[in-house]
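Listed next: structures, encoded as structure tokens.
Below, chain A partners chain B and then partners chain C, in two separate complexes.
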Partner chain A sequence: MKRILVLLLCIMLLISSCAKNNQDKKATITIWHDKEDSVVAILEEALSPMKDEIDIVFEKKSSLTESLKLVGNDIKNAPDMFIFAHDKIGVYAEMGILAPITDFVSKEELGKNIPLTVEAGLYKGTNYQMPLYYETLLFLYNKKYMKEQDIPSTTEELYSYMQKKTKYGHYGFVEQHSTPYYAAGWIHGFGADLTDKEGNPLLATADMKKALSYHKKFVSLMPGETEYATVNTLFLEGMAHSTMNGPWFISAVRNAGIDVGVAPMPIVDETALPISPYCGIQGIHVLKAHANEKKDEITKVLRALQNANLEISLALATGCAPALSECYEDERIRSSEVVMAMKDTASKAMPMPNMPELDVLWSVMGNLLTDINMRNVDVETACSNAQEKALDLIKAMR
Partner chain B sequence: MMKKNNMRAYLVSAPAMIFIGLIVIFPIIYTFFISFTNMNTYHWFNYDFVGLKNYQNALLVFDSGFLNAILYTVLWTAVNMIMQLIIAFVIASFLNIEGLKLRRLYKTLLMFPWAMPGYISILIWKTGMFNSSFGLLNQWLGTSIRWLSSDLGATICCTVVNLWLALPFMIMIMDGGLKSIDKSLYESATIDGAGCIRKAVSITIPCLKPIIGPAVVITVFTTFKTFDVIYLLTQQVGSQTGARIHTIITYTYENAFITNNYGYSSAISIIIFILLILFYEMTNRRSKLC
Partner chain C sequence: MKRLFTIVLCFLLMTAAVYSQAAVEVADKAEAPAAESVPAKEKEADKNIIVYAKVPDSWEYPCVWAWDDAGISAFPSWPGDLMEMDPSNAGWHYIYLPSSMTSVIINANDGGIQTKDYRIESQDAWIIVNDDGSASVSKAKMTQGDLPEYSERFTLFAQVDESWKEPCVWAWEDPSGKNAFAAWPGRTMKANANGWYSAKVPSWCNSIIVNGNGGTVQTADIKELDPANMWLAVAQDGTFELTYEDPTIPKVEDISVKVKVPADWLEPCIWAWSHPDGTNAFVSWPGEKLNPEEDGTYTLSIPGWINSIIINANGGTVQTTDLRVDSGKNLSIIVAGPDSVVFSYK
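On to the complex of A and B.
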């Protein structure tokens, strides 16, 4: 009897271990991200029908870019995919850790997205990103102070408003004036840019100097500090009447009880071009490390993510604009003031460059803006010095 | 027998030595190795040996800006060190006054800055104290001064924050040192008619010297390679204040490390490492002479 029992137990153990082995065969797809919990919950929900087939694990990384540099091609530690803005594509493509996205989804499938969002993922002719949503800066105003007739349609109107309202601790308009991402809108409004398509710096062009000189006039009517916390707090405390900020800021503004409005970016009087901030496209990228081994599973995940309902949910949760064109036929999107304003602003915005040289230029440009706006260095001298510094650093980089 | 004992000592300390080797020695050796390669964005995994090329390029960073940074660093270290010693000595002496009530509470409060992560302390000082719109300093004074906008203003603010962060360590060492001084020395001095200053100069300071010596060397070394206080208060990307002050570490960070050229940055790190070792040796010799 004992022997039979032992034999039965052995058989059961064998069966259960076989079952476990079968279970273990289920592929796992690991996706790194740096997004809020609400965004991940929507993504998990959209991918839940695949859970019997594929284990999808979202891992939040606070220093995602640095982690990818360290383990991007390490088969043991690299994730299969990651969600991030498109501006790091150049760095990772040059490092050789990215797989072309067209190895998994066809160009026709990508073509369902707004062209701007697809073009942003291109680096040296290869597309490395499947876009999910995009974001840019918006002109936000506090309806309590800035009435309909006060909304500036041009930069000179904005300046007059600032002159009238900047007093007694109140500011007509605030922005992170010496941060390149925020100042870029003004630079583009003069037809200038930080870099050309090859990554060469353009910090001392005539248009750049004109833009920075003109921008300084506005800076003189803004607070001394330029950092995120001061600018945001001034608006949240009702001490700033208008600002430039991203969709991520709107929920905090509403929670602060501010009746916020979104208006088109003012047009620069001198050039007739609008202030055109950078546009960031958030999308999913595939790493080479597991691209061949898990090609089918990765393809399935990518196809499941290219879903209009998912992107609509993401847009409504984040205030960002969906990448898929068909989303804009949906009534919920069409009636969202923020998303539609985002789409409108983004149509005039410039996608952030994605070449590796940008890493260096952010720093040089930050110093240039600080020199002009906060140290009162002459624009001509500051621009020439910055151009020289950028060339040196890019040379060192290469 | 002696040999056997030695063997046993090595065996017992081996795990700790291996651990130290892994976290201290290995990164230095690896950095040294990378400094001879062209490891950068364009050759991340397929890097090659390039000999001394990175060292040749690295020397270009040591321009007039770097020399200014060295001068600033030496001045910064000297000012901070002197102030730390004076303030810590005064506070520790107060803590050792006989019959002082709530002594333990004061000590706990004085240790508080040490318990807080430096990064958080620095940012609280930046936004909570020095911010021109919301900072306590301007609220108290009824002004709207931009404390961190000029080089001098920023240096003073950075020194205050550095003292706040570093004083607990020095106070603790001084307090321990003061407690270890034989009370009979003071009693004899009192009988001889010595006053407070005479006692401090002739008894306290000479007795403290050998005790605080190592702490001074450690603090000089730490202050010399300051990065966080100056970078976070004045140069953080997106929240620069207008001040352009640089220690050697912040200068090399701005001029090399942002390039993602690890070979080049490693060469600079090794040169700075050698400079720091030389500085340490100089300080160490001087403290031995004292």
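On to the complex of A and C.
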């Protein structure tokens, strides 16, 4: 009897030490992001069933892109994964810090996402991102001022509206006209672009000059200063009838008591193309630093995040469009004016190029827009100078 | 022996079940997302209640101050909002309130005279105010005919030449021609202490004329107006200047800030606020990005009412201490390090 009791005790001790060892071996996955708390809460909830197996730590980084450049190759300090837009993929791929996402999930699994969102994650034929949701700029209007019959379907209609309504301190339409991300929609509406597929700048093409000349007449009916705070304040204080902004702006608008409407982007009369802003695909990426050592855990996290209900929750919280195709069979998505407008606009939008050349081109483009819109430099001169500057910078970068 | 062995076996099996590495299935456990928020403004008549008041003759321009049980007021400031006369019920004034309102004060003469608090419990109410300021509240309808149509209103403020006596506003919807007021010269405007006159106009009106001297002098038709408060300054000849921005609030001009930072301070930003009230100039940290100039400095125009600044960079991960500055003055700031900053006024 005594012997049996001792044996029983040994077995119990053995089992409890195994359990302790299992806990000690629990992996930690660190995910960097720059998202709002509400988004992270949804992600944490979706991953919570794994908490006994994997410690998942979300770390918010305000300068995430710069930090990744600094520590991406540093095994001690690099995170395991990060959530961000797809446009930095080229930069990080060239740095050699990204692991192909297809090392963890198959192409078939990725194929469950809307093709635009998967294509955006490709760089030189390799996919580095698992998409979660995508976003673009929307045409937003204050329903108190702009009635349904006034919603412009073309840019000339928008211009007429601006001419009629921009007076006495109110503006028919405002946007960050000299910020490349916002001006890009107009540029694409003329079939122009900042670069070609190889990353060569296209700042002095005939279409680019046409786009910037045309855009300037709209700029003349907007306030001079159009940085983020000014444009947003004008709309939030009821001083602007309409604007172009992202889904991140909508809750602030509703909190300001504005009955906001979302409409398709106007079509450029001359080209019959819509104003086509850049589209950003938010997704999750894996860094090479611990990719092999934590392959199983990383794979589990990725598969857990490729979840329709999760993406629907994210979409309804952010106003963005889910990446998984099956989400669009859900009534919650189909009945959301904002999400469906986002999907419609994004389908005509252009994914932001993910090549490293764009990193360099952004400031050149910003200066080009400021030269034309704020300093009244003639379009021909400004574009030529910008093209030359861009070529020099890209040559130095390469 | 057999019994003991069975107990041990059961114990072992139970323990194994608790600590086993079960395949992790992330079921569809994401919570059903919250319904999208309803548009903030509830404008339809059925989401509002009506409050009528009959006040003594000496109570001019009666207003209502209203609040709900959480203490949240329907209006930004005392004395609340102006009531409308009901042309179908002589002596009665009315106003529509959000249906969440549970208490009111009837007041007049620019809030200089008032009743005490009265409960209306989120219901239509008819209030008769006596000469001594006491009042009775009835939930039973005391007026005749249908309730007036619900309409939002904006306030027209007008400053007219002193030769224009008793200014009035005539308002209509263009091009339908539907008039807001029964007859020319329209609604008499209320004189305010600051020299401006004011009047409420239904928001469906997009055209106005301001007139005086019984309608014998007037502006031209002013059309294509937005349903927003507006300020109209009228000269003797009827020419005018109109703005949607309140000109009676003193304006502080923006200031320009020029900054020099160390070379490793990338993408410098400015965070600015008013001390001690804490009003921020920008939505969130790290604030607004400064514009690079060709000489290596950075510049930005910021609101002139601020008196406190932090210069930061590298995504807000490096920063100066709080800099206290004079409001309204252009600044030049040289940052050598987080604790080494020199600034001067340009």
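General remarks:
Definition applied: the second predicted complex is superposed on the first by the 376 of 398 C-alpha atoms of A that agree within 3 Å, B and C clash if a C-alpha of one lies under 4 Å from a C-alpha of the other, contacts with A are read in each partner's own complex, and residues count from 1 in each chain.
Everything that follows uses one rule, which is that a contact is a pair of C-beta atoms (placed from the backbone, for glycine too) under 8 Å apart; a residue touches a chain by one contact, two chains touch by 3 or more.
Treat the numbers as computed from the prediction; the structure is a model and nothing was measured.
Annotation for the three-chain superposition on chain A: chain B and chain C clash.
Of the two partner chains placed around the shared chain by superposition, chain C is the only one that A:A317 touches, whereas chain B remains out of contact.
Once the two complexes are laid over each other on the shared chain, residue contacts for A:G125 go to neither chain B nor chain C.
By the touch criterion stated above, A:S363 is placed in contact with chain B and with chain C alike.
By the touch criterion defined above, A:E66 lies against chain C but remains apart from chain B after alignment on the C-alpha atoms of chain A. Look at A:E227: by the touch rule set out above, it reaches both chain B and chain C. A count of residues in chain A touched by chain B and by chain C gives the higher number to C. Only one of the stretches 21-29, 57-65, 129-137 or 273-281 belonging to chain B overlaps chain C in the superposed arrangement, and that stretch is 129-137. When the two complexes are superposed on chain A, the residues of chain A that touch both chain B and chain C are 169, 225, 227-229, 239, 363. Here chain A touches chain B in the complex through residues 69, 72-73, 91, 94-97, 169, 176, 178-179, 181, 223-230, 233-234, 239, 356, 359-360, 362-363, 366-367, 370, 374-375, 393, 396-398, going by the rule given at the top. Residue ranges on chain C touching chain A, taken from their complex, read 1, 4, 8, 11-12, 15-16, 19, 21, 24-34, 36-37, 39-41, 43, 203, 224, 226-228, 230, 242-245, 254, 266, 281-283, 285-286, 288, 292, 301, 314-317. Residue ranges of chain B in contact with chain A, taken from their complex: 40-42, 44-46, 57, 127, 131-134, 144, 146, 149, 236-242, 244, 254-256, 258-261, 264.
Chain contact summary for the complex, chain A toward chain C: residues 4, 7-8, 11-12, 15, 18-19, 22, 42, 45-50, 53, 61-64, 66-67, 144-145, 164-165, 167-170, 225, 227-229, 232, 238-239, 241, 251, 254-260, 300, 303-304, 307-310, 312-313, 315-317, 332, 336, 338, 363.
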